[in-house]
Amino acid sequence: MNIDSNPARSGALHPDRLFPADPATRAIARRLYAQVHALPIISPHGHTDPRWFAANEPFSDPASLLLTPDHYITRMLYSQGVALEALGLQADGSRQAPPDPRSIWRTFAARYGLFRGTPTRLWLDWVLAEVFGTDTPLTAANADAAYERICGRLAEPAFRPRALFERFGIEVLATTESPLDTLEHHAAIRASGWPGRVISAYRPDPVIDAESPGFLASLERFGALADCDVFSWRGYLEAHRVRRAFFASFGATCTDHGHPTARTQDLEPRAAEALFERVLRGARAGSLAGAEAEAFRAQMLTEMARMSLDDGLVMQIHPGAWRNHNTPLYRRFGPNIGADIPARTEYVEALRPLLNRFGNERALTIIVFTLDESSYSRELAPLAGHYPALKLGPAWWFHDSPEGMMRFREQTTETAGFYNTVGFNDDTRAFLSIPARHDVARRIDCAFLARLVAEHRLPEDEALEVAHELAYRLAKRAYRL
Amino acid sequence: MNIDSNPARSGALHPDRLFPADPATRAIARRLYAQVHALPIISPHGHTDPRWFAANEPFSDPASLLLTPDHYITRMLYSQGVALEALGLQADGSRQAPPDPRSIWRTFAARYGLFRGTPTRLWLDWVLAEVFGTDTPLTAANADAAYERICGRLAEPAFRPRALFERFGIEVLATTESPLDTLEHHAAIRASGWPGRVISAYRPDPVIDAESPGFLASLERFGALADCDVFSWRGYLEAHRVRRAFFASFGATCTDHGHPTARTQDLEPRAAEALFERVLRGARAGSLAGAEAEAFRAQMLTEMARMSLDDGLVMQIHPGAWRNHNTPLYRRFGPNIGADIPARTEYVEALRPLLNRFGNERALTIIVFTLDESSYSRELAPLAGHYPALKLGPAWWFHDSPEGMMRFREQTTETAGFYNTVGFNDDTRAFLSIPARHDVARRIDCAFLARLVAEHRLPEDEALEVAHELAYRLAKRAYRL
Amino acid sequence: MNIDSNPARSGALHPDRLFPADPATRAIARRLYAQVHALPIISPHGHTDPRWFAANEPFSDPASLLLTPDHYITRMLYSQGVALEALGLQADGSRQAPPDPRSIWRTFAARYGLFRGTPTRLWLDWVLAEVFGTDTPLTAANADAAYERICGRLAEPAFRPRALFERFGIEVLATTESPLDTLEHHAAIRASGWPGRVISAYRPDPVIDAESPGFLASLERFGALADCDVFSWRGYLEAHRVRRAFFASFGATCTDHGHPTARTQDLEPRAAEALFERVLRGARAGSLAGAEAEAFRAQMLTEMARMSLDDGLVMQIHPGAWRNHNTPLYRRFGPNIGADIPARTEYVEALRPLLNRFGNERALTIIVFTLDESSYSRELAPLAGHYPALKLGPAWWFHDSPEGMMRFREQTTETAGFYNTVGFNDDTRAFLSIPARHDVARRIDCAFLARLVAEHRLPEDEALEVAHELAYRLAKRAYRL
């Protein structure tokens, strides 16, 4: 990250933040971090909007850039009694005009204290100080000044998406699209001649999860895009192959699967075909059993792994979120407003069919994530410390935080080592926070390594080599970038 | 807590106890603690005996005050081979005379080393040093001298319940009673003119849990006290309303629900009524199915929330204890002797019916506790960080300890923040340990905050504001005191 | 451990390794460790080969001594793409010659970096430096020199099994055998006149687990060895009594039970007999239901406890491993190659039948282990902190590591105390690493205690007493050695 050359830098962030307080350990952490903090950013899994980089237009205002789309922010404010409408979310069918961005900003600034001790506070402090050079911390008193300053900055050419991408030192940025996406923005980026490497990732949940809204319509469109008869099992699988190849042609090196559970299944071809047909019939009749949908998702993970062995796409499995837990709110505001809740997630039995089928393949990479930290030392580290195909994704979502990252290292390293992990994912749609998130990860990894060095469990030269791996090389290698 | 003016103070407790060893972090913790350690005690959830404050008689002796009723103590000694009889517990039907209190005290003192590393050790050391001014640590050698000193003190007016209440700096103390309680001691306290604020809390388990002993007899008495026909669904609900109002008239601001699981359910009124009738029939026939009893408890949590929206009582849910796990011992000694064991507890699915019904109500407060720490980061912090009605109770029971409290903060703060928690509950029947328990909580919270400050994750002025909230204001606000 | 007098000592290991970095805390840890590091080793549970001590022949080469049989090593290398054949494991039916030991050693040395942050690194560094006096860390560059040096040492009399046993300061070492073992090596050790105390432990899984390969043949042999009709329930139980007594005559003081779950059951004698007969019928017909096999294992834990009350053998329960998770690999290489994976394990309900039957017996000791750390604070510490018969085994297998041991203390001590734990088990077949493993445990326990002292939660003189207990006395007492 090229933050040292940031002209707007305010100096408000402490250079030792997130390092252990013990002076000897902190000194080691500083030395390690000094060697890795400026490495380029590899962002192999995220949710930024490729249109930003295609159009390269100025961001409109501080609220719609930093607040309204950030579910970490809306969930916390909502939990403390702020109506989602006051944050700019539009209820379905509502005719009420949204509040103006400055009022949203003030609502947020007056409650910035709610984020004490959360990663949102770290990310926002970084964005305000490092990107915009405003005073931090944000308060009700300085809210308007910050708002004005940000508005002013956003109008400058240096704050357009591509300029920020470059300033942030991003080497590669992956977005995530469904097979129904035409990747037109990725095409526009390529056509523009801009050299920024923005790639896609193949996330087929809408055409694999028969319980997702509009599943049959999605299949129709999937078939049209791939020019396959997706209502036959052979055609359906072929359509995946076609679209995977299309995504790969736009630089995609991975797929992503956001299933409710980690369940996998390895049926014989005829049984798989029969299951597909039962799922189609159920979906058409509006009588699809949950167990059938689950079985189909499970089977498709194995099918995707089989295709990965052919086309080389790395496979990511993100299980364990109960989506839209708050039904009344979902009906009014739709998904992604902060009402997804993790659930207990089992891996040892669930992944076994897939791993028994393909887990011994050295040419395959399956990266698995969790929202259930109790599985780190019990299930995930032992699995990844054995199966050649399996790697552990970083601390994810609710655990993408200093304590969460530290627990990840403390609870996985002794069994899986460092080399069965894959570096950091920022996993964010909050573009401006990307360097802040990678910076937190680099600092925490250096803090963890510094403790190993201070406790004479690892020589410092080896810790430095590991720090490089964690900050840069592992992600590049695991995601084949 | 007004401990500095305690004339009996022996100075044996180290002023830096429980603070991190790193000198810079410790200095921050000291500064934070200096500002909050003397704040009044808010005790919104506990199990002291209101008769103590009504009668204000001297406590009888060290053993029956400090040892026999404390299940933390009896369980540890029992686990190491001490018979419960030797600790003053009376087996059902036994004609053996209980040992004299001094012999119980000696049995305990000779084994005080068993409590090394436990919170009991911290609490007792505090009580012995700060309340009674004895030498610590307690040993077999100084046991008799300590016993004598305590006996002498207990005879003094300054060691009667009300004097201690005042010396401890308790602003408000809640006891817990069943709807079958007449609150006569609370009435006597009020009638006495003593200004100490001792209030009740409404714990209706005996008339909601159809599996509790004497359920039908409890219902009879419930109906008589409320003057309602509690064998009809309408009358039963009305009786709850009547008794809740009665409790509120004695200062109660909350209800409490100690269910085996966190399961809730939201039936249509007719289905709820039918369930109630099935439960009554089953209880009368002695053939009640466990699933029916569970469903009824689940439904009643939703009914209680509905009433809370009307009468403003805060709702507490304490699930997950397997009561009386040791059947042979339960048959001989009854409940509450240290044989309750936590069980794995699920919240995301269990609380959903209640939260989907009332979780978006800003006027409602539901405080949820757990004995299953794996749910902190996975389930409870995400739920509390979203639903406006939901707050997290503090680390509870087996986790009401330095390590337990620290894990609570480390595992909930990043997702739920500090402001979706509710300060400390001492939850104890051990009256003399109340200041010790709040002191441990204040020290651990300051230790946690000091680390955030030392790692430059929170400015010290903000940490100080949070320390005040955690020690005093959050409890007062959450419990509407 | 008599390591200070080791003539081969290279000095490469830092004397403060594994101690907290904070200088004051480290100084305390050093003082505690200085008092306990040289205490004799009690190894009450392990998997070394008694033949080594019977024959006392030189170990053959570095690879077959240190690498090929160590599943911690083979699993990590396999996970990173190294074929098991390249590590000296022989696939079933393969005619390929195994690689020569030097080539295995080089394969390992070139990848030693994979073990950064793992306990394997700590153990190996210790063995290389303290036992063989080679330079550490091991690298591709110094691999051959290390190999030569180790080969040279292994040829010396001082590096034969008995000499190492003595040099390591082992007071007692338990191996683990099945009831089908004749204990001929133990007999040979006794007959030799060598005073080293090598004892057996009774692990009856092959004749209790009806799902284990060759169950009926094992029963035949069991009956022959015990001279009982093991196909009747009475004779079967009698055979256990006979073989337990035989094992006890070779010094065994404990039994060990490695079941998939912790389930226990307490049937009436006739129901137990009927279950036994159903299991036999099912096994003979090749139609045994998994639930029957599980019920029988559950019942046998209670039967074993009953026998322990008679013969005084301490009972160990090691549940929760999914054995041979990787079926394709199991078919080729068999068990114990690093493909066992922990699974979620429930104790509160599972152990209740056994504990309700015998848990209140002070004359009985049941030591329970877990691979599911989420059960430490929720289930195991509360159970062990109540039932007189129950004690907690140390952090086990995947958790036999610095972070794992520290979590064990942090999560069990506040509820179970120190005295319901049983000291350390090395649980290893890697003989040379035994002192290294005990050293890690002693260092981590001292580090934990040092923090309690530094935070003024325990006076240093009491901490020193506890350190002695944890390093030596508790194991000796719990295992009746």
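Going in written order, the chains are labelled A, B and C, and every chain counts its residues from 1.
Keep in mind that, in the parts below, a residue touches a chain if its C-beta (ideal position, glycine included) is under 8 Å from a C-beta of that chain, and two chains touch if they have at least 3 such contacts.
Remember, predicted model here, so these are calculated numbers, not experimental data.
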{"item": "Overall pattern in which the protein chains touch one another (line/ring/star/complete/other)", "value": "complete"}
{"item": "Interface composition of copies chain A and chain C: same or different, split at half", "value": "different"}
{"item": "Chain A and chain C, separation of their C-alpha mean positions in angstrom", "value": "40"}
{"item": "Multi-chain contact residues (two or more partners), chain C", "value": "20, 22, 374"}
{"item": "Contacting residues of chain C [partner chain A, same complex]", "value": "13-14, 16-23, 75-76, 78-81, 113-119, 121-122, 137, 322, 325-329, 338-339, 341-344, 371-374, 398-399, 401-404"}
{"item": "Complex contact set, residues of chain A against chain C", "value": "20, 22, 24-25, 346, 348-349, 352, 355-356, 359-360, 362, 374, 377-379, 381-388, 390, 410-411, 413-420, 451-452, 454-459, 462, 465-466"}
